[in-house]
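Next, two complexes with chain A in common: one pairs it with chain B, the other with chain C.
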Partner chain A sequence: MPKEKIDGIQLFCLMVLFMFGTAIFLDLGSGAKQDAWIVTILSPITGLLLFAVYYRLYKQYPSLPLTEYVKKILGKYLGSIISYLYIIYFIYIASRVLRDIEELLISSPYAKTSIITLGICMVFALIYAVNLGLEVFARAGVICFAIISVTLFLIIIFYVISDLIHAENLRPVLANGWKPIIKEIFPVNMTVPYGELVLFSMIFPLIKRETKIMKTGSMAIGFVGLYLTINTIVLICILGADLLDRSAFPALAAVGYIQIAGFIQRLDPLIILLIVFLGFIKVGVFFYSAVIGMNNLFKLKPNAFTSYSVGGIICLSSIIIAPSYQSHLDEGLKIVPYTLHIAFQLVIPILLFIVAVIRLKWKEHKI
Partner chain B sequence: MFRKHHSHHKRVSKSVHFNIQYLKEQLGDSSDLSVRNLTIAELGHAAIIHIQGIVDEQSLHDNVLSPILAFIHEKRNVHSGKLPEEITQIISVPKIKLLNDWPEVVDNLLGGDTVILIEGHPEAIIAGTKKIQSRSITEPTTQTVIKGPKDGFTENLSTNISLIRSRIQNNKLRIEQTKAGTVTKTNIGILYMEGIADKDIVREVKLRVSKIDIDSILDTNYVEEAIKDNRKTIFPLFQSSERPDVVSANLLEGKIAIIIQGTPFALILPALLIQFFQSPEDYYANYLVSSFLRIIRIGSFYVNMYASAIYLALITHHHGLIPTTLMVTLMAQREQVPFPAIVELLLMELAFEVLREAGIRMPRAIGPAVSIVGALILGQAAVEAGFVSAAIVIIVATTAISSFTLPNPNIVNAARGLRFIFIFAAAFIGFYGIILVSLCIILHLCSLKSVGVPYFAPFSPVRFSDLKDSLIRMGSPSLLKRPTGTNRSNKVN
Partner chain C sequence: MRKHGVMFAAFLTAILLSGCWDQRELGEITVVTGMAVDKGEDDKYTLTVEGINATELNNRTASGNAPSIVYSAEGNSLAELTYRVNEGISRHLIYSHMRTLIIGEELAKEGIIDFIDFLERNREIRDDFNILIARGGKGSDVLKVTYQFQKSTSLKLHTQLDTMMKDWGGDPGVRMNDVITAWTAPGRQPVMAAVSIKGDPEAGPSAENMMKVTPDALVILDSLAIFKGDKLEGFLTLEDSRNYLWIQNKINKTSITVKCSESQYMGLRVYDTRTKIKGKLENGKAKINIKIRAEAYIDGTHCNDQFDKAKTYKESGETAQKQINEMVTKTIEKVQEEYGTDIFGFGEVVMRQDYQNFKKVKKSWDEKFAEADINVDTTLIIRRTGIRTKSFLNEVK
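On to the complex of A and B.
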């Protein structure tokens, strides 16, 4: 029987979970102090523009993933090099996200566990998932979406019940003008999480034909923007701008304050649940894209060997990429967005788009 | 191999004597083969052959023997060439046919029919006198209900079909019989509602049943294992039930039932995971109460899988999450216990599994002995002796009780198996392990299919209209639509 393709609801859930990824644990836009929420409410617009570029490219080659149509656009040799770079980029980002998860877990509930143990467990589960295929992964995504929505909703309710919300932390609005906000949006908040949607160029061919991808995608981006804004406002209200900027994982710090009737005190299991589910989905999608990219590039049949080897690489490089958590964060904030993200999420897709359009015009002209 | 048997067709001979010799040879001169020789006037020998015990003696006497004897007595002057046709006219059983192919004749004889042979005619008359001994209709022992129909299937295929026919008096009910099992040649009935059941699924099921290639079929599980989509799974992919009301309800939802001669359990397919949490009583009681009970049942399923693993994770990895006073109590208990928590838990879990198995297999008379040994020695004495802590006994007991709420034994077995995986994951790396294993199980469930229908529907892929009868059951007006998962041809009616 043929594989069932991904439908609209599954795509929506997968995109939302993917963008939530590690974003809901990090201090998004904290450089803009108490105006961080303006950053999170504006950055989806830039995300939408990027998504439109990826979507237009897909429309030109509706049955091919990114690593394949690069070859069509730029020719066999240059295209192969670019798609090879993309595969490495996917693996690199997957290991960065895995490192984030490992650090999150080490930081509170697993202080005495070795970092590689956590990584190996996760990668084994991921290899199982990748071998089942992305269609299954997307179906499981719907269930994960339901579980995570309930959990996030519960946590916000707990914040309110514990009387932690102090709205005065939000003032003054725009104390330093628009400059810090623009600086935050471009490039850090544009690239993570929205720019990472470039990865869905690998997934579009697996989606049912009749799905309205642009509509679903915009809804997902809007939903994520809205939730992240609410999340940021809540965090600013609880922690204040200073603490928000200083703490590595503000969400963890805020959850620590929750105390209801002396009974609900430690919500660590919920936090582990969120970290594992979201991290799993995010690393999983990168992992899967790297695997199909590799199979296509090297003309391999779908096999378990590729997924095992890519899994091994992700697990090892998650530890090798940075000597300490601080340097991992520094790379993530100061180096990766400016070099890798801008190149792979912005420059290359736009160039590809321009070349593809010119080629199309050229062909029409010839005829 | 066995199938070659059919390739060289032996025909019935003209000589009655030779035929009887051949039959005796085929059946190894079996003691229950009964042969009655007759002489029909000047026309020669005849023989009436049946196997004792599987024929209806009354019918054989009244409808076959008496008319033939009367015919002989009249000594009518018949044309000898037409004799078999004449005999078929006077025998008064509902099913009668003429055969000349030996394997078919032997099959019919073994099925309980009577064979009549006449000298000079290379044909056998087969009279349908089949009567298979079976117990009477009793209350089903599994899936019991307080309120609702009390009849259950028996081991007899035709009785079972009649129980369904009496519930669905509709000309669209289709019953197709085939045989499977190269040695046992078991009768299998495939039942579905024409126009409601999905044609593709019906075709697929028939195809798979026709491809069954095993020696024997003694229970539904033989068929289930032969035709299921994914053999590497702990979850039951088809539902089995001994209740005619459950089978009828499922047929009306567009599902297909497979009924097998010799077992009171019918197979219902395709099945969804959520079906295993639904009791027939859900539909016989108030929907609000049913919804509540269904949530309780699903909750117990989770308790059954997770309770011991979560306790283990808390006590070995996440001390900080236990409130201080409770922690003090737990630690005070554990102080005298010589084993690590995982050993303690596994010992008790295995002891319970052994008790449970003993409870099923033991002769009825020694039941009380087992429960005394189980409850007193394993429970109380083990705690008093300081081998295990009282908390573990409570956890294991909760797990055990919760498994008895589920209406289908197959899903309980799945939970039992998964419980041990969770325990090992929790012992190894705490909540992180439990959550990773849960994720893998979700992925596994999403990948499963039952005859091509996604097993985890209506949750994923999401079917909003079917969610009304999943975790809860809404009232009748909102259940007017048929489930979409198994039925695409006739959505609303």
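On to the complex of A and C.
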């Protein structure tokens, strides 16, 4: 195990950026039309429950990452298979997020650049970051957090100043009852971004002992939930539920309307910059977890070879996973949440938790 | 190893610092400021673009040549045509700074929904241009007319409509998203501003036209085009267009003329106005309450009222209120009776405030709109009277 240590503030920033990830720029809960904000305000609660499960598991094995304690809980063979699957899952999600960023970049500013070029540039930077280790990454996260939160705050102020907020777009509230909202929360909005916190089970052992992980984690989840809710309300007010549903990148569409005194306008590059930042952090954390998982599973010493190969796989598979943007989205919204996310974020951790508790009880009983 | 590293760094610098590979110098592009879409003769559309000649727009470099180039191409999809126009224009066209989109009347009557999708989808085109209808003519003719100050009509119209909207309110301030939302969301039909050519359209496309004090051809803001779905239904007057804006709570400032007695009028400059609409369905009949609140100052009067008394302020205010009520009601009634299409978005209001009842009439809302009870209630407060109190009119010998 590398002996890197990150502290509470770094963890908070990393978690917030990780959850913002791509969520902040996608049309969260838009299936619930003008009630999308109810979705974003409720889904953190489910996220918190999931996070509590991950945290409890970690408490049982405070010095081991997910891929290791699986083996302790389920035995060597079954455990190895599960942790192998987890590594593949991390790599797959990393390439999905990378694809999101590539698609955004290619559909607005880089129309004439080939998609693989963008991927390669991004992955080289990522390999560099991953080789330096998580501590460096976390420190960079704090700086990014400062930049990003200030920018997001400014953008909301700009929205208000340019008189774009039409609060009447929020009505009628609950026009079709609770059904569409529940449908949106479970599973899509529960799993992305909150369920993806399962990844932090890989990182918990690297956190300084004295950090109160549960407290920091809940604060991060609360913060993200609050911001996403404000963001969704603002987007509905600006674009209206229909356009929100139709836009590939609603934040980009909304920012395009900002116009203050004929001077502050055309801020789209700002949003794109933020997306690259956030995407970098998100892919980076997945990437890093896959690498340490792999090193542990195959009992390798930390080396550059693993990160280069995993980086290469992420870059290539980001392009291979889907032939077109729409099929990429379809997979992301209709297939992945129901199969992969539910399995890896919900079913396996809860099963692990139950088995672990039974084992513990059994052991006590024996003694 | 170190040596290799340095060489690799130098190599990367040479590649990465050389700039973007898809860069275009200003000399290689032409900026499109206006676009007109008309019904094609053989195919579905005729697309006309106006590419600006930048040197002519600068006072120092202008030499009196034509300020822009206008070229048309015909085809079935705008997406292809935007590139096909290069059959007549030499440089690569940049569409991101488009200012106006003009749609020919004939095409508008047949429906425009098909090509708007291209404009919304395209990554280069931003949703900040004016959408206009060329009344009684072709959009391409409007684009060709030159003008003294901004030189090209598309730039002129953009500035003109903004000015008009700020000072008086004849332009509905419609952007593409408003039109699309009107099509997709229940309870609203779209409107657009309409322009026409005053004078001889044949004389428009020449540099001489901008040299005259009274141009031979001038594009004027003509009226408000109203739609039913994506088909042009008819036109309302500019006055109606102002009232429309007033109902939409989109007016900044406007002027109204109040009649105080036979052939005597009073000009009021209205500012700080706010409109609130309440709507509900009662026994299947829509009830719409429009509350207008406005402040104003006297901008000129023929009336012999004594404006040094507070009472006169109040009385004049009440006269004005009554007139605004009548004016706005008349506009709504005209639309109800003649067109029966809910351009005011009353359906939207009812949907927001009375969703359960609205759900039942969603499909046939326009019929409900046509027979809705409209009640307009204005509160107008006259605050001041310019820099004079009494008028000299009373003291003329």
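Going forward, the second predicted complex is superposed on the first by the 363 of 367 C-alpha atoms of A that agree within 3 Å, B and C clash if a C-alpha of one lies under 4 Å from a C-alpha of the other, contacts with A are read in each partner's own complex, and residues count from 1 in each chain.
The working rule: contacts are C-beta pairs under 8 Å (C-beta built on N, C-alpha and C of every residue); 3 or more make two chains touch, one makes a residue touch a chain.
Note that the coordinates shown come from a computational prediction; the quantities given were computed from them, not determined experimentally.
Touch criterion met: A:Ile143 reaches chain B, while chain C stays clear of it. In the superposition on chain A, A:Ala125 contacts chain B only, with no contact to chain C. When the shared chain is aligned, chain B comes close enough to touch A:Val276, but chain C does not.
Contacts of A:Ala111 after superposition: chain C is touched, whereas chain B is not reached.
Once the two complexes are overlaid on the shared chain, A:Leu243 sits against chain C while remaining clear of chain B.
Looking at the shared chain after the overlay, A:Gln259 reaches chain C, while chain B stays out of its contact range. Looking at the superposition, the partner that touches the larger set of chain A residues, chain B or chain C, turns out to be B.
By the document's definition of touching, neither partner reaches A:Ser218: not chain B, not chain C. Once chain A of one complex is fitted onto chain A of the other, the partner contacts of A:Gln60 are absent, as it touches neither chain B nor chain C. In the superposition on chain A, the residues of chain A touched by chain B in one structure and by chain C in the other are 113, 266. Considering their complex, residues 21-22, 123, 126-128, 177, 180-181, 184-185, 351-353, 355 of chain C touch chain A. Within the complex, the chain A residues that touch chain B are 1, 4, 7, 9-10, 105, 109-110, 113, 117-118, 121-122, 125, 128-129, 132-133, 136-137, 139-140, 142-144, 146, 263, 265-266, 268-269, 272-273, 276-277, 280. Across the interface of their complex, chain C is touched by residues 107-108, 111-113, 168, 171-172, 175, 239-240, 242-243, 256-257, 259, 266 of chain A.
By the touch criterion given at the top, residues 317-318, 320-321, 323, 429-433, 435-437, 439-440, 442-444, 446-447, 449, 452, 454, 456, 459-462 of chain B touch chain A in their complex.
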